[in-house]
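Notes follow once the structure below has been shown.
Just so it is clear, A, B, C, D and E label the chains in written order, and each chain counts residues from 1 on its own.
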């Protein structure tokens, strides 16, 4: 039999002025299961709480209803009071008779009547409450950062700085990411390598940071505080621990016709290679697609020249498994492929390049040693046309609906650098809008226009046609002058839209985090929780969440680190006990619930059931991880069989409230 | 076709490809056909039937059948393949344990429609060039074939098999069906007329649960209406509300999962057009969230298990038709 | 339609804990009056509202049911209210299909800052339901008040 | 209007005894005092809390008790949970008596009686035992063999100690499944204990307990030379009406609520194996 | 015998309905008849029988047994029954008329079900002889002659007139009460009609079906038959057969909380339902096989065992027509018989 105590608060006159609190207590005293109903001046006060506590002890209460202000106000207060009196805190319900009754109604009779009904609903609910215990789950004091670009490096450094071990998983042979390929950075025009490479070194030298380069995340299991991750270290056929990075093998390697991805394929590298001089780790890697030894078994030059004996043609992919308390995603971006943009002749003409390719062409460590030459004939270009928004802000299937955010600024940078270095070169920029919100951004852009006389033309490039004389005809419209233009250009630079890295989608599935339709990771709250994913313990750093420039990326990297540190600082996490749970006997494993869970808290297991006739039957049933579930209840409605229910807000509890209100 | 099916079934049984065959078994009369599992060639020769009356969708039986050892051969009509696929999608059928032979679909006959013409004492029903020749104790009667076809066949949505391991006969196409006509007609009525229509229909309900138990989407271990813990269990419609409740909740639970196989209306002993409730959901889903055919594939997200940020608001209900 | 002046409808409002319930609190804090007919049930998210609850309310004597949740995009649980929107749209459409008066059901997005909107919505909804009169099409006669 | 058996009467719970961790014994009287109705040992009653459920329970008190009825109820479902949570003074609804009874005024008269019970199975037999004690002259030797999982699970332990064991006219043998501290009596399963004690085959046996215990006890009795016609038991199946009309509790053509719950084993043998 | 010209039949109905409730089988839609309370203008169906049986009149699908009011620890029981008023059912077929005697055996044996009895006492059953049996009819199997139906009053149609023959005291009172409408008539044509109907009965596909292999003594023979597995294989476990059956009488008792009190209902139940015998601690009939077997064993073995050989089936053929998977008692009988 329920023994419910009802405590009606006057809240001074806040409630008592419009609600006859004595009548409320009197009426609720007659409800089934109610053994004591009292009213008091201030229930939240020390003595008010004492009233509740002593009633719990003396009357051996099994449930408590407080008729007072909003539960958002004092639910916790009363829960704590109950707990201190030995009653499970989740056996307390609050009937909101202040904000939702006394403060909005004027007529004492109707307000009292409503307060009684609200009280009855709370009594009906509390009669069905079950004691709930918050689960404690321990936190592994180690973080994983997926992606070794500037975002990942910044995050890892910050976490390590706070005293936690952190692993970086980078799919390429070196960390550094896109920033390593960039020549100068806007709006300060300082050298990217000069500010990035020290950080790369710092990361490699920090004893709390382990870099798994040329590695990929294979599998993620577990939940906040306790993820188990399988990392595949891809075979690089070079023993990382032995290789000194001397580079002799790369010089001697006879296979030198491999497109160099670091230089965007604008020059070649050898089959055994170190991506660039400042690579971290500075270790050679054999490209098995090109290595003669691996393909035909004949060669072995690198092995012969390697004095460290680091070459190992028999090396296999290895899987390492590690526990982590937090995971930071920093998978970054790529420029989109421009195959579909025939109008810009990207595939037909080598002198039509992307901005990132231009970046390499202008880089001192690039294919031309920093001299800007046309890829086709290595001549100096005199007229360069920049085309903005190639694939950005695009309505059709070819491109992306969003603004890639960084193009306006890097194009201004490129234009400015070209005009600075080669004043004889005319630079045209075709734009739809120039977007320069950012510290010193607009000033930078205006310098390009005013100081460097870059020709900014609002308009669209209609067609780029390579001509037989090696020139390129750029047909465009000037929207402001309302005229058609033809520019006889030497080079065309396309500001290709950026998109999330292709590895992000399968990773999101593994992490059970949400992505938007563009494959950018979705943050837990667009304003208030911008660096957390909706899945607890997964944080977002850099451009995987949306297009960002370097300072923003670094800021978010540090923010993500701060959030991860906040988690790692805890020894254990207290989970909200109001979570969903599935009745295995009722669940039919249809997978509806899993589809609507924003947290990936639901998995399916094949469970063996002993049937009443003593046979066994294996059935697929849903299983909710209470440490991950946040208790929204979406699954409970998706479940047709009623197997899924939510503690604290169960079907029967809510229906009891409905019944009480409608009575 | 029946001969070809029996021949193929015997071959597959003989070479051990399958252990059992699910199909239809002939009965006492021309029309009382029962879904059945066959294990031997003799049984197939004796009892197996596939004719104008084999309308029953055998997909749901495969839930139980695939929990058994061995592989089963299932003959599926185009409409049945949708149910089958949906059940595979919901992990209720183990696809590996079924060898699916797609067979040509209907239209199948509805004995109730023949009887409704006052024809009784039926001894045999023959389709002679789309005229039914019905031998009865009281003499021979005829009626046009198409006047006797099942409601679900009259608004057939597809002659295409969405899943099969092999086909006997030709595969057809997804049809441009008229299946939403009645839903539209109702939508264009006034609320009072709609209410009266449904009250009249649903008041006939005897809560025999035939609609639920035949429904391939209703494969819960324990239906909420049978589970006293659900708070909405009920056994008999003691009040008109309970008729509404049962059918609304059932339709909601199968919304986005119902393939519109039409079995609910076929088996209703009281001829309640229950499929209209499901079709209303299908029509709404198609119009509001994009065309979706449950069971057409095994991977797409069910419309109620996904969303679009630009989905319409419920006020869309207010904005259309008459109140 | 005959309007009974004395008819006081029973209205059940399901409010999500994070936005609408807070919005209701705010309308209280600001002393914004709305009819006493409205009784609020707190749910963690609007997506917790099962169609069973809505029908149950009508069965047990409610004359109107309104669901309030965070604005689309602002769900505390990211996506809950998107599911709510689909489910409730389809359910309301079905109720309409069965001839149940449209104005007996409503879904409204109310943020924690929209106390005024909450009060106004409840005011309007109560008036709409009052105009409809008692729920007769979805009532359970056994539960009718004696 | 004539009262129908399906319309229950009111009973007031006047005493609640916690017998074992999951068994409570409830004393029920009519609101105006006295028993709600008369019964014979082995008969049952339908108890209900409206809105919660209704179920059949055997009446554990003897008809010779003129003041009240008692029900020993094990917690195992929604209704029993509710009953266990009751407080003294609570009203419940009650209808009955239902079913046949042990033939205490028929075949059992003058016989030597052996009662064998396991766990909550003592409940229906207690009614007979006390009836026999109150009409001691009508019966021969009386022996009770009763076992449970542990000492704490022995139902009516206090009454067994205080009254039955103190009664020189009956022999009481107790056993528990596993040894435990504070128990110096017999340890072992009931069927084995029966075989150990090897009671005389002249006795008529009344057995009740979990199905598995009944099965092995019957086998043991047969080994000892008992025949099925000597052994009575009482059964329990899902019942709704209590009067053999709702169609639920039949085994073959016999309705447990009406033709039972007391069966002799030779009668049961004729019925299909469906319980 | 006394008769009324068919042209005056509705006049008679109007007169009966003026005094008490009259129920007649009428078309709800083509091919589906049901009993409805007669109102002027309503027409008799041409269907052989109604979709639902006539048992509803005495054993309705749901009925309120009692109300309870609970307050604190006290419970108040309210017997809310009202005295039943006299009513007449017209047009009951022989099979359904026989079903009442089967239901009587259940509900009128001790302890008498007063809810049922009350309605039985107040209802007058007027049957109508069959002239055009359907292929699904097999009442003859159970010794019913559909050309001579039972009930309180039997009616016969010779094509032009309806003849009335009282079988019981109640029937006599009824015929007396309508005597002003009746006239004496000769039955020559009626005999012809009956002979013709009986000839058709003999030619029906199920005419040869016999109960000789069934009865109370067949319990062990059939209970463990290996035919049950195959027969029950396709059974959906729905309640269609049970609910259209004129003799199925299993019921459930359910409480409903109205918010103001508890209403206790009795409602039809089906032994085919998976939860029919479910208890707090298990279910003795776990599979559909056992539930399916129960239904047919009950009709063909248990019921005759308890009721002097009377079978729990009247051969109305409803389950043959309505079972979603066309499994029925005829198929069961034939399968069990086949050795």
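FYI, contacts are C-beta pairs under 8 Å (C-beta built on N, C-alpha and C of every residue); 3 or more make two chains touch, one makes a residue touch a chain.
This structure is a prediction, so every number in the text was calculated from the model and none was measured.
*Asks:* In contact with chain B and with chain C at once: which chains are those? Just list them.
*Replies:* A, E
*Asks:* If we define chain centres by averaging CA atoms, which chain lands farthest from chain B? Would you check?
*Replies:* D
*Asks:* Which chain is most remote from chain E in terms of Cα centres?
*Replies:* Ranked by distance of C-alpha centres from chain E, the top chain is A.
*Asks:* Once you find the CA centre of chain A and the CA centre of chain E, what distance in Å lies between them?
*Replies:* About 68 Å, centre to centre.
*Asks:* Quick check: how many Å separate the C-alpha centres of chain C and chain E?
*Replies:* Chain centroid spacing, chain C to chain E, equals 46 Å.
*Asks:* Quick one: chain D and chain E, Cα centre-to-centre, how many Å?
*Replies:* Once rounded, the distance between the two centres reads 39 Å.
*Asks:* For chain B and chain D, what's the span in angstrom between their mean Cα positions?
*Replies:* Each chain reduced to its C-alpha mean, chain B and chain D end up 51 Å apart.
*Asks:* For chain E, jot down the residues that touch at least 2 other chains.
*Replies:* Only 70, 252, 256-257, 259-260, 269, 283 qualify.
*Asks:* Scan chain A for residues touching two or more other chains and write them down.
*Replies:* Where chain A meets two or more other chains at a single residue, that happens at 596, 638, 651, 655, 659, 662-663.
*Asks:* In chain C, which residues are in touch with two or more of the other chains?
*Replies:* 51-52, 56, 60-61, 73, 79, 83, 87, 140, 142-143
*Asks:* Which residues of chain E touch chain C in the complex?
*Replies:* Listed in rising order, the residues of chain E that touch chain C are 256, 258-260, 263.
*Asks:* Using the touch definition up top, name the residues of chain D that touch chain A in the complex.
*Replies:* So the residues of chain D touching chain A come out as 85-87, 90.
*Asks:* Contact residues on chain A for chain C in the complex?
*Replies:* Listed in rising order, the residues of chain A that touch chain C are 70-72, 96, 98-101, 103-107, 110-111, 113-114, 117-118, 121, 514, 522, 524-526, 534, 578, 596, 598, 630-634, 636-638, 646, 649, 651, 654-655, 657-659, 661-663.
*Asks:* Hey, which residues of chain A end up touching chain E in the complex?
*Replies:* Listed in rising order, the residues of chain A that touch chain E are 30, 32, 611-613, 659, 662-663.
*Asks:* Can you list the residues on chain B that touch chain E in the complex?
*Replies:* My answer: residues 27-29, 31-37, 56, 61, 112-113, 115-118, 120-123, 136-138, 204, 206-210, 212-214, 226, 234-238, 266-267, 269-271.
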